[in-house]
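Structures given as structure tokens follow.
Shared between the two complexes below is chain A, which pairs with chain B and chain C, respectively.
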Partner chain A sequence: MERPMSKECLMYKEDFEEFLARLIEGHSIFCPSGEDISPGIKKVAGREQFALHRGPSHFSFKHYFLPQTERLFSFDMASNKIDASNGELDDNKLVVLIGLRPCDAMAIELLDQVFLQRGPEDVFYARRRRRTRIISFACSEPRTTCFCESVGCGPDAAASADMVIFALKDSYIVKTITQCGEELLNNTGMNLDGVSTEKLGEREQMINESRDRLEKVFTSEDLNGKIMDFEASYWKQICQKCLGCGICTYFCPTCHCFDIVDEVAGSKGRRIRSWDSCMYPLFTLHASGHNPRPTRKERMRQRIMHKFVYSMEQYGRRFCVGCGRCVIHCPVNLDLRLVIKEIAEGK
Partner chain B sequence: MKRVESELITNVEELLEDKKIGFFMGYENGSLPLRTSPCFVKEKEDVQRLVWNCFCTNNLSVYLVSLIPELPAGTKVGILCKGCDSRSLVNLIVEKQLKREDVLIMGISCSGMINIDKLTGNLDGGRILEVEENEEEVILKLDTGEQRFSRKDSLYESCKNCTHPTPSVYDILIRVGEHAPKSVCPDPMIAKFRQKERLERWQIFERELSRCVRCYACRNACPNCYCKECFAEQTKPRWFGLSNELSDVLFYHLVRILHQAGRCVDCGACVRACPEKVDLRLFTRMLVDEVKERFDYEPGLSPNDSHLLGVFSTDDTQEFMVEVD
Partner chain C sequence: MNNPYIPMPARIEKITTENEARDIKTFDFSFVNNEDKDGFLFLPGQFAELSLLGFGECPIGIASSPTEVGHLLFTVKRTGFVTKHLHRAEVGDTIGIRGPFGNSYPLDLMEGKNVLIVGGGFAFTTLRATTMYMLEHNNRGRFKELTIVYGARSPGELIYKQELWDWEKSTDLNMFITVDKGDERWKRREGFVPTVLEDIAPSSQDTVALVCGPPVMIKFTLPVLQKLGFPPERIFLSLEMRMKCGIGMCGRCNIGHKYVCVDGPVFSCAQLDELPQEY
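Entry: the complex of A and B
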């Protein structure tokens, strides 16, 4: 969104602690919730509430930009009044998202395509997005379910981040990517040194090791090769054990479909939008009763082709960042990576 | 486990060869450590993929109602059933969703399934290279060393309270140890929950259900949830809102769970499918215990059973209809 200007400096553990403390003091900070049971993205009130996860966090940052349920406005038909005020969004204070992995930072870049860059802007998304700064952490320990490199992301990808932090053994390299990122760093008033060649070497080694640990069930060549075929017989095969739940779409950081309804009681009501999933039968059910995607075959084909084919036609990007959440949570272990591999091998 | 697996594979090979079945549902190794995945076998050469271990958690009966009409008419489906899975299947027969002659039940007496989360909680990033299991323990071989887990302590809650580890109905039985039926005892955790004050029960209810993301995995993993059109997806009328606010989430779960009375076999499939680990058994197991207590009924034990809510007996307790002080 703005001119890139990359700059790197070094933080030792105590600098990093100071940096965090100053960030928390001066900004509204959000980070992914831990492996615990509290849902979504949480506000960080103190240092102890910030922790890094191995690989991507439980929920993606989609929860922040596109809440599962959002009231668009309320209305009263008796008095002909509409109330579009939004307590959270009317406050334009800067928000800092911290602790994302590169995959999630890339997912935000993709959501930007949908909600900001092509077609009309989504005002709710835009207001959240514009007041937000993103600090991502390069990935040193991917999980067995991670496959970011296969889809053109990677453990050190910056994507939408304003600042990327590389956590080394006893220090941190802070790389500001955008002017906003640089301002954010300057605002903390930290006095930091540049990065020595030795530290740069340590970083390179960390990223290389991280790359080596990444699963390569399929490669980007597999995606470039055989184009997914709408009419192919394999869809019937692939969907066989799918239960038809919405886990893969709801945990996906780039899936962004929603439904809008009016909830009315008497003369008063509200218009809300809530996440929807192409895996649900209601998703494409027409008022006539006809459903163009009547079975799981058509629904699964839609999900996969939307991510890997239609999004290429629409945005020139694949809408998968390799975070592996769909792989982790699928109740029948229907692994997207294997599905792509099978399609590429023409099974 | 190797003996069980080879018995399973030999059985399925013979059944396919003799054309006694045209399709078999079992488990294969998953793409992730400690995971299996449902495995559908049609050809003899695929039979070798079948496995049996303490991670065969899916209740395969969930596929039957939609799968059978899609197969060529007269195809008999073989299905690997643990105790709970067989009871789900029997319940489908009782509810006339399935014909007994359409399935060949390969029962397996089950020692309980292992809750993966109890194993992976403390691995400190160690990678699992190999898994071994015996009657007492599950042993994980990691790149950082070996970790041993007591089988008994690592079971899913539903498995800890299992009353019918051996299938209630089967055509072929693979025996793994002796697993005689036990009588239903109230689940101690649920009994404890019931003793709590109303407000505390509500808070637990709220804590559990507020995590729900409405992915409907609990419904879709449940063999009892076979409705062609679920009330959750009806729009004329729409029974509840679309939001993930507690009132809507609560409505969905209460209605789904109440429809399980006298039908739920406590297989735990809903809990295992839930990505948010909502303890749905708090509600469903309560029904199991109540149904046993009030009507002395356990669903899924015989295809000739009458459906609990489909019959009226003069002996039935009347408290539901008449308020008793």
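Entry: the complex of A and C
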């Protein structure tokens, strides 16, 4: 999208505090709320509201770009009038998202493919995306469910970040990735030093330790070549314990399917879009009663093949960043990593 | 802000009830705004989302040809919620249209060749558009022989009846009309579309086949075409999927890596052979 602009500098604890304070003063800042109530991100009004969490946050930042429900327009049925004005979208003030882990930042790059790059832009997504700057934090403490490395992401991945921060023991390395990131840093007016070899060493150690901690249930090699077969018999087994609840898709930072419905009260109403899930039978049910994906087998196959096969043909990318949320939240412990492993082993 | 979900207002100018069961109606629309009318450029095979504020939207194939200036036809079967309410609309009512969406029948490939059209039931809509397009006098010379095999369950279920009888008389095309089961007044052919097709046995030489109909008709028509020597690259089908956005965003209508709303709805059998059998 823009010229890469990589530059690194060092912040000590006080510098970092100052940096946050200045950032909060000049911008609209959002960080993970730490709560398990949607949307899971909150506006940061003061320094004390920002805290780093271990591994990926409860919810991803998809909620910000693609809200769970979004009004497309309002209407009046009596007069046939449509009102598409949207104050939130017309607001072009810069928004800074801070505290994402590299996986969630990479997921935004994948959503960009769908909503900005495939065909005509989605205005709702585009407006929010263009006014947003992303400051991600490299991962020092992955969770046991994380597998970013296996899917081509990683604890220090910089995809879609304008700035990546590495939190070391008593200091921070700030790496600006894009010109926007550079400007963001410059605008805080901080006077910062370069990074010593000693600190670079500390960072390398941190990232290596992170990598070592990541479980390699399957490896990126397992994803080489033809990894899945639509006709294979394993789909029938894989879906056995799935309840079809759709939690995996709601938590997934790259799942982006939506429904469009009208909500009416009296003669007034609004057309909204809301998250939908390929794990539901209604998703593909024709009005005639025919359903191309009638059972959980077809729906499970769709979810997994869309992420690992179809998306490669559509966008040249796999639509999984290894955040592990689907593993954490599945009520019956259906572990995507084991599924991939089993498939790779040709079961 | 260019919001692609906003439907363009269109007025119902005429409503024709097509069948005996009275559950298939053709609506003729005119756009309320001239710029919408001028901007609605489409080719036969494409579809649009018809929108009823408060009720929702449904994807419907465009049944008229762009050459039928002043008309924009959609033939809609009353099936569920939105179509039921659309059927309650009256001449003069304004509804919304979003589109045109999807690809068209392969006009470039058809040019200079014979065209065989095989249709069944009310799925004849975009095939009607294609027929009208080819029959338009400026276009007729671009295509060679045109053969149509069209059938319905019973005489009362044939749609576009007047046009069918006109086409039957016309020397511009070879028209074969059939019904599964006739009644006392039915003097024409009886038999399923695939069977009739097999009897007529049109040549596959230099010919493109366009097929649209209920799944069972398609299932039995494809082997016949194959037997007649049509290669999969020259057989085209128009597919249906549950749709919402129509613009490749909502993720609902995929067959493998293709979205029917943008990559389709028209696919050749060769293309479909490359995709999962999930439609």
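To be clear about the criterion, the second predicted complex is superposed on the first by the 335 of 347 C-alpha atoms of A that agree within 3 Å, B and C clash if a C-alpha of one lies under 4 Å from a C-alpha of the other, contacts with A are read in each partner's own complex, and residues count from 1 in each chain.
Keep this in mind: a contact is a pair of C-beta atoms (placed from the backbone, for glycine too) under 8 Å apart; a residue touches a chain by one contact, two chains touch by 3 or more.
Since the model is a prediction, treat every value here as computed from it, not as a measurement.
In the three-chain model built by superposing on chain A, chain B fits alongside chain C with no clash. By the document's definition of touching, of the two partners only chain B reaches A:144; chain C does not. In the superposition on chain A, A:327 makes contact with chain B only, not with chain C.
When the shared chain is aligned, chain C comes close enough to touch A:278, but chain B does not. By the touch criterion stated above, A:259 is placed in contact with chain B and with chain C alike.
Contact with chain B, but none with chain C, is seen for A:250 once the two complexes are overlaid on the shared chain. Using CA centres, the angle subtended at chain A by chain B and chain C is 90 degrees, rounded to a multiple of 10.
Counted by residues of chain A touched, the larger count belongs to C, out of chain B and chain C. When both complexes are overlaid on chain A, the residue A:335 reaches chain B alone and has no touch with chain C.
Contacts of A:112 after superposition: neither chain B nor chain C is touched. Once the two complexes are laid over each other on the shared chain, residue contacts for A:162 go to neither chain B nor chain C. Measuring only between alpha carbons, the smallest separation of chain B from chain C in this overlay is 6 Å.
Across the two superposed structures, the residue set of chain A contacted by chain B and also by chain C is 259, 261, 285. Residue ranges of chain A in contact with chain C, taken from their complex: 72-73, 75, 77, 80, 82, 84, 86, 89-90, 114-115, 118-120, 122-123, 127, 230, 256-262, 264, 269, 271, 273, 276, 278, 283-288, 290, 292-293, 298, 302, 305-306, 309-314.
Chain contact summary for the complex, chain A toward chain B: residues 37, 39, 54, 68-69, 141, 144-145, 217, 240-241, 243-247, 250-251, 259, 261, 263, 272, 274-275, 277, 280-282, 285, 327-329, 331-335, 337-338. Interface residues of chain C facing chain A in the complex, by the touch rule stated above, are 1-7, 9, 53-58, 79-80, 83, 94, 215, 240-242, 244-245, 247-252, 254-257, 262, 276, 278-279.
Across the complex, chain B meets chain A through its residues 30-33, 35-38, 40, 58, 62-63, 125, 127, 210-211, 213-217, 219-221, 229, 233, 235, 238, 241-245, 272-273, 275-277.
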